[in-house]
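Accompanying notes for the structure given below.
Chain naming follows the written order as A, B, C, D, E and F, and within any one chain the residues start at number 1.
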Amino acid sequence: MIYITRRERFNAAHRLFKPEYSDEQNLQVFGKCSNPNWHGHNYTLFVTVKGEINPDTGFLVNLKDLSALIERYIIEKLDHKNINLEVDFMAGKLASTENLAIGIWDELAEPISSIGAILHSIKIYETENNFVEYLGK
Amino acid sequence: MIYITRRERFNAAHRLFKPEYSDEQNLQVFGKCSNPNWHGHNYTLFVTVKGEINPDTGFLVNLKDLSALIERYIIEKLDHKNINLEVDFMAGKLASTENLAIGIWDELAEPISSIGAILHSIKIYETENNFVEYLGK
Amino acid sequence: MIYITRRERFNAAHRLFKPEYSDEQNLQVFGKCSNPNWHGHNYTLFVTVKGEINPDTGFLVNLKDLSALIERYIIEKLDHKNINLEVDFMAGKLASTENLAIGIWDELAEPISSIGAILHSIKIYETENNFVEYLGK
Amino acid sequence: MIYITRRERFNAAHRLFKPEYSDEQNLQVFGKCSNPNWHGHNYTLFVTVKGEINPDTGFLVNLKDLSALIERYIIEKLDHKNINLEVDFMAGKLASTENLAIGIWDELAEPISSIGAILHSIKIYETENNFVEYLGK
Amino acid sequence: MIYITRRERFNAAHRLFKPEYSDEQNLQVFGKCSNPNWHGHNYTLFVTVKGEINPDTGFLVNLKDLSALIERYIIEKLDHKNINLEVDFMAGKLASTENLAIGIWDELAEPISSIGAILHSIKIYETENNFVEYLGK
Amino acid sequence: MIYITRRERFNAAHRLFKPEYSDEQNLQVFGKCSNPNWHGHNYTLFVTVKGEINPDTGFLVNLKDLSALIERYIIEKLDHKNINLEVDFMAGKLASTENLAIGIWDELAEPISSIGAILHSIKIYETENNFVEYLGK
């Protein structure tokens, strides 16, 4: 069993708020992250997969395939987008980094198994000081 | 003459577009940066000042003063804000990193001179691959 | 179960030595880290907590609360301090990064449980080339 | 049980290819990594060991010993070398990062046990976007 | 006048040597960089251009154009290549970072002027500890 | 004319204070940096030299020579030392990063000219947020 990680990046807008709260209530719970005019981040995503090495290639998985799959299922949907308004797998959810990590896991687990690896971890840096990791259920 | 640099960070939303253009025209010129629903960045700001060392302190300028001044004039206005909609010194301007650098220079030059230093450079990283530097007129 | 990590930093002086050793013996065991006049580091601390997402906020824990707690229990005690002489939870211990990680764990485990999360890991970078991680007993 | 990690670096040339394939076949499977004239990387290696703290030193292991051992068994063999042609423990293997991680594990596990620690993880960054981790069998 | 910088990366093999020297002489002058079997690096390239802001776009230059031009004139020629054997603009030159910086300057100065900017600086990191900068004649 | 930069690192203790001030006065002017029990930093030093390329080597200067010279004149004196008490070229000076940059310049300018280059810049990072640069008189 070996682990390989691919880093990808996307820049997106978001807002943390509950629609049933007033702006004042949202400000109290979510602080400046609740700004109704949005703010944004350079998100850094680390996708770690695991499995056995293919003796024909020396690879666990061809990184071009893994990168293409992350590009198709995740980056195209998130990069230069508004996470609250435009990302199908985040619809109706609070746009926290925690929920984003779980949403990305749910999008990627199956496609990754189709290229012969097992999804091990989704890690997202929202800023250089904060990151979230999800290892599945 | 010695130079000292303070790094500060802010997270903001923006959009690159001209209001007189259609969405199609904006897309052609500004690419995915023209997304009408905004996107955002973790901006990193480097403010470099220059001057003589104060023999009483060994400092060109007390970094607490410089940091407080950047916080007050720049970070409070930009952090977790929408650059197009909410930042007074960017009103009516294209929200490019180039214009942001000049806008920040114009806000900071005078306050920095009030603490005994000369503003030398404003450098802004929009992503790890792109940065802009402005040295004044 | 999801994991969230907060990075904090502190700058401190320390010395590695045993009081019952001579300076020569200390030099032999601890090398230049035993310098009787102290040396210091920019320590980087990563605190990882785990738990379930709160459906009302989308957060595992509000990072403002986590950061405030690390500030109060750890950073105020360590930043710009002498680890050997001034830090209550390191009194009588060798000021190694290993002991520092365990000391920080012991200070933080209970306060973190009071905000609804479980402490998972304390990681400390002493330099860019060396770091220690402690996951509890 | 505590974990300590030492970072070391080496710069090497390599090529991904199977000698029984034609250049066209190698290009199809390994892409530009199969260039017959070689290419290279600044590899970054993280060696993590685990064990109990020695109460006489406060150390899990003296980092000078760990670093010297990595230097002797790994860096001297890999730094400024051609991984395909010059590294004994990679002879006859595909020069992938996965195989390199396992090869380094096999070289280091025994020497590390001789200094009183247990090898926990070999992590290698090939670029800032790709890294492999191996935790043993 | 404003400055904008684009970072690009390439991985290449090289060797420092003079063909008229023996291997012993090359080793004496160039150290382990003279290894006849090559070694390699992850090179990081920073291209800085300067000019006036275009009032129609807020840009000094569209970064997509600048990036495409660096890709076409530099990265395609250097990435996953052998600098001594395969790079036309380095033919017959010592493959030092200094000569590489000047070679890249000479390739890029004219294309950059064709997109309305002036080349200001070529900076190349060979490792995290060494970089070269060239500002033209 | 080309520029080459070498990065080196040292870990040191220091204190900012004036002996003729009381501890209260020092606290008011220098903040927590005046702690009488010292604190410390991982300092990062960038030494930039300039000159012409030697056509026999392709080098401005052999980096092994430059690094050895920085090691001998600077790192040996500063690493794991107390800047206020143990560094000859800082004796009697306020241990600010500004004064340290000038002190290092004065130590290095002559030795660097002896290896055929001209010292261009001394840049010191005290933390990731603060750095000082000195270009000589």
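In the analysis below, contacts are C-beta pairs under 8 Å (C-beta built on N, C-alpha and C of every residue); 3 or more make two chains touch, one makes a residue touch a chain.
Given the structure is predicted, the values throughout are model-derived calculations rather than measurements.
Among the remaining chains, those touching chain B as well as chain C are A, F. Of the chain pairs B-F, C-F or A-B, the one whose interface repeats that of E-F, sharing more than half of its contact pairs by residue number, is B-F. On superposing C-alpha atoms, the copy chain B sits rotated by 120° relative to chain F, to the nearest 5.
The centroid of the Cα atoms in chain D and the matching centroid in chain E are 28 Å apart.
Rounded to a whole number, the gap between the C-alpha centres of chain A and chain F is 42 angstrom. Put simply, the C-alpha centre of chain D and that of chain F have 34 angstrom between them.
Looking at chain B, one finds that residues 128 touch two or more other chains.
Across the whole structure, chains are in contact as follows: A-B, A-C, A-D, B-E, B-F, C-D, C-F, D-E, E-F.
By the touch criterion given at the top, residues 1-8, 48, 53, 56-60, 63-64 of chain C touch chain A in their complex.
Of all the residues in chain E, the ones that touch chain D in their complex are 9, 11-14, 32-33, 35, 37-42, 79-82, 85-86, 127-128.
Those residues of chain B whose C-beta lies close enough to touch chain E in the complex are 16, 18, 29-31, 93-99, 101-102, 128-135.
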